[in-house]
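Pasting a structure here, questions to come.
Each chain carries a letter (A, B and C) given by its place in the written order, and its residues are counted from 1.
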């Protein structure tokens, strides 16, 4: 013990802390690097025409309008299918479920659903929505598939947000003869709304970036028109990025980076929206 | 299996002073396997204030919550025996709990206004019970706030948040919220325990006024308060197995001046003197 | 089950009597109202609650239904350990050992890279860094979790693979190692945040006791904090592994796509996820290759399920450890 002087221990500490700090830098730098590099490389390609025109020459020229529109349709579809049932499931778990085997089973299912690889949701969607329900390789089938994937996240965030509503509010409402559902509808949900929205926006942003499931349930590489109905095929940003990056020979590099930049902006802006809602409502609480 | 064919109806009965409003017969309450109340039998008179007193943990709140079935919300809570409102057995499977609670409203220990404006707080109940007309709602809100002796303090700013009021005002807002649905019985669970003496006196005044029209049951650990405001007093105690029992029940004057039971006397003199 | 269903069952008996009395007693009393709209919504709520179970069971059912038939053609052990994947030869052979080995190799390498960095980063953020720095860095790491996997694949393709190629003097930079590095980056956020939570709940008394004995801050972190948080860190690692096993686009784009059993991480390879993604589009529906790919999905599902269940168990234990 005596051999280990304070000095050498201090040096060890300094060295160790440097390593830990380095780990933090290694984790952080790539994020900033990827964002900045993508902006620098892709910024030049992202013009008004790029955003508003159809692709030509297999994506080597023209714009990516159908991919952008397709991705927004997918987000909308995911929202429509995942939001109502996800929030309702959150309500069930917090307001109605008793502490029994069924509730434990539901919670187990949610936890495990969250860990299922996205490609497997693709297989599920292909088999169920595309083939069994006969929706074909369509916007509808893809939205339903992404909604299944988003379900776990919507349920968990709704559950947390609803749980955070104080019990006293519920009691105050029930104690004057308001029914349980009305209490949920008029007291609990408005209070939980910001938290639910935060989770839903995050889930939708995830869905916007998903590629593997829509690759399986049939995103189109090139379409000369926008989808006219939910049963139409569609293009999507992440899938477009995949094809132009991997499958199209002699692709102008700048365009690929441009697609990447647009995708990144769409996804990150929704993430930031979620963060903004979270911060805003947190402030309100302290008021 | 006996099914009572004659579920009596409330509206058919005349309501006079000192008719029995609420009644319990041999009521026991269990939280899971723990018995919180044993064999409680008492008649609560109409348009009077009945105080429930007793040491902490003896089941006062539990008893109070029996009258509007708030215990239903607690998983594992089980009621035995009979509780009647105007002769209607309220634990009958055919009873509509929401309608029951509309007639038997409740005010809690900690003021719990909703995070909405004062107006919306009071209008909340009537709205849920189907009143949509704005003029009618305004009328109800004003009437209820006046009854709750809060109107003069908030009439200039009905849009302010209910949470922005002082503690005493919040509690009166909660009372107004209950009054707005025109209940017959108001249950109050230590409504003043979170308030300062001035606010407490205000609420006590208010209770006396309200008892002209409403049947009020108040839980309190404050003996003076029971003596000041109530017409009837029920004294609960804890048995060795921690179940609450009714030791004595009668007119407040008699309970406080001439208790029949030794334990009542001990409790009252120990705390009252 | 749920109580309103129960309640209405109990009432079933009373219904007939109720109809009898309804005629004789005025209806303004306390008798139960139908509230049909609410009943309807409550049924909807209940069904929504069940949906997670339905989807999970649906996934299992589909994988079994579409995947199991392949074992009539190729016995399970031959399927798992066969080294030849020739789905369109005549006759076809379905051996998925190349995919299984690739998945394990890529996952292992990415874990080996991500865990030390992730845990060190968590330790720095929770024990060393100033609060301000930590509050700035955490959202940045959260952004990383939000990057679409196709984006990471593209970055790996465009930027990392040339570096790996020249550093290891390879024929191609599209190989398991490149994929593993990208995957490690992608599993960092979850490893950092779960490890940080684990470090956060280490009781203050533990640390103070260590300081009282004259230990330096680093010695306290190394000998007290990290050992106490070990099960939480283990859970973080499992979650990171789960993420890496299931990741598709990144490996599809940068792992090289070779169909032989890889020998070294620097070989081009195809993981299970990539095999499904690249094969399913061309597979005849209901055909042998289609079945084989669903069977790969089944194995992948079992693998991730096992990893997640272990992670959850470990996390439970960690929670109980310091719960008082």
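The criterion applied here is as follows: a residue touches a chain if its C-beta (ideal position, glycine included) is under 8 Å from a C-beta of that chain, and two chains touch if they have at least 3 such contacts.
Keep in mind it's a predicted model, so treat the numbers as computed, not measured.
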item: Touch-based graph of the chains, sorted into line, ring, star, complete or other; value: complete
item: Reference chain A; chain at largest CA-centroid distance; value: B
item: Euclidean distance of C-alpha centroids - chain A vs chain B, Å; value: 48
item: Inter-centroid spacing, chain C versus chain A (mean Cα positions, whole Å); value: 15
item: Rounded Å distance, chain B centre to chain C centre (Cα mean); value: 52
item: Multi-partner residues of chain B (each touching 2 or more other chains); value: 98-100, 103
item: Multi-chain contact sites of chain A, meaning residues that touch two or more partners; value: 98, 179, 182
item: Multi-partner residues of chain C (at least 2 other chains); value: none
item: Complex interface listing, chain C residues touching chain B; value: 7, 10-11, 13-14, 17-18, 20-21, 25-26, 28-33
item: Chain C partner contacts - residues on chain B that touch it in the complex; value: 1, 3, 5-12, 85, 88, 90, 93-96, 98-100, 103
item: Chain B - residues contacting chain A, complex; value: 68, 70, 73, 75, 98-103, 105-108, 110, 112-115, 124-125, 128-129, 174, 177-178, 180-181, 183
item: Residue ranges of chain A in contact with chain C within the complex; value: 9-10, 12-13, 16-17, 19-24, 26-28, 30-32, 34-35, 37, 84-86, 88-89, 91-93, 96-98, 100, 102, 105-106, 109-124, 126-128, 131, 148, 151-152, 155, 179-182, 202, 205-206, 208-212, 215-216, 238-239, 241-242, 245-246, 253, 256-257, 260, 263-264, 267-268, 271, 275
item: Parts of chain C lying in touch with chain A, wherever the complex brings them together; value: 1-4, 35, 38, 41-42, 44-46, 48-53, 55-59, 62-63, 65-66, 116-118, 120-121, 123-125, 128-129, 137, 139-144, 146-151, 153-155, 157-159, 185, 188, 192, 216-219, 221-222, 242, 245-249, 252-253, 273, 276-277, 280-281, 285, 293-294, 297, 300-301, 304-305, 307-309, 312
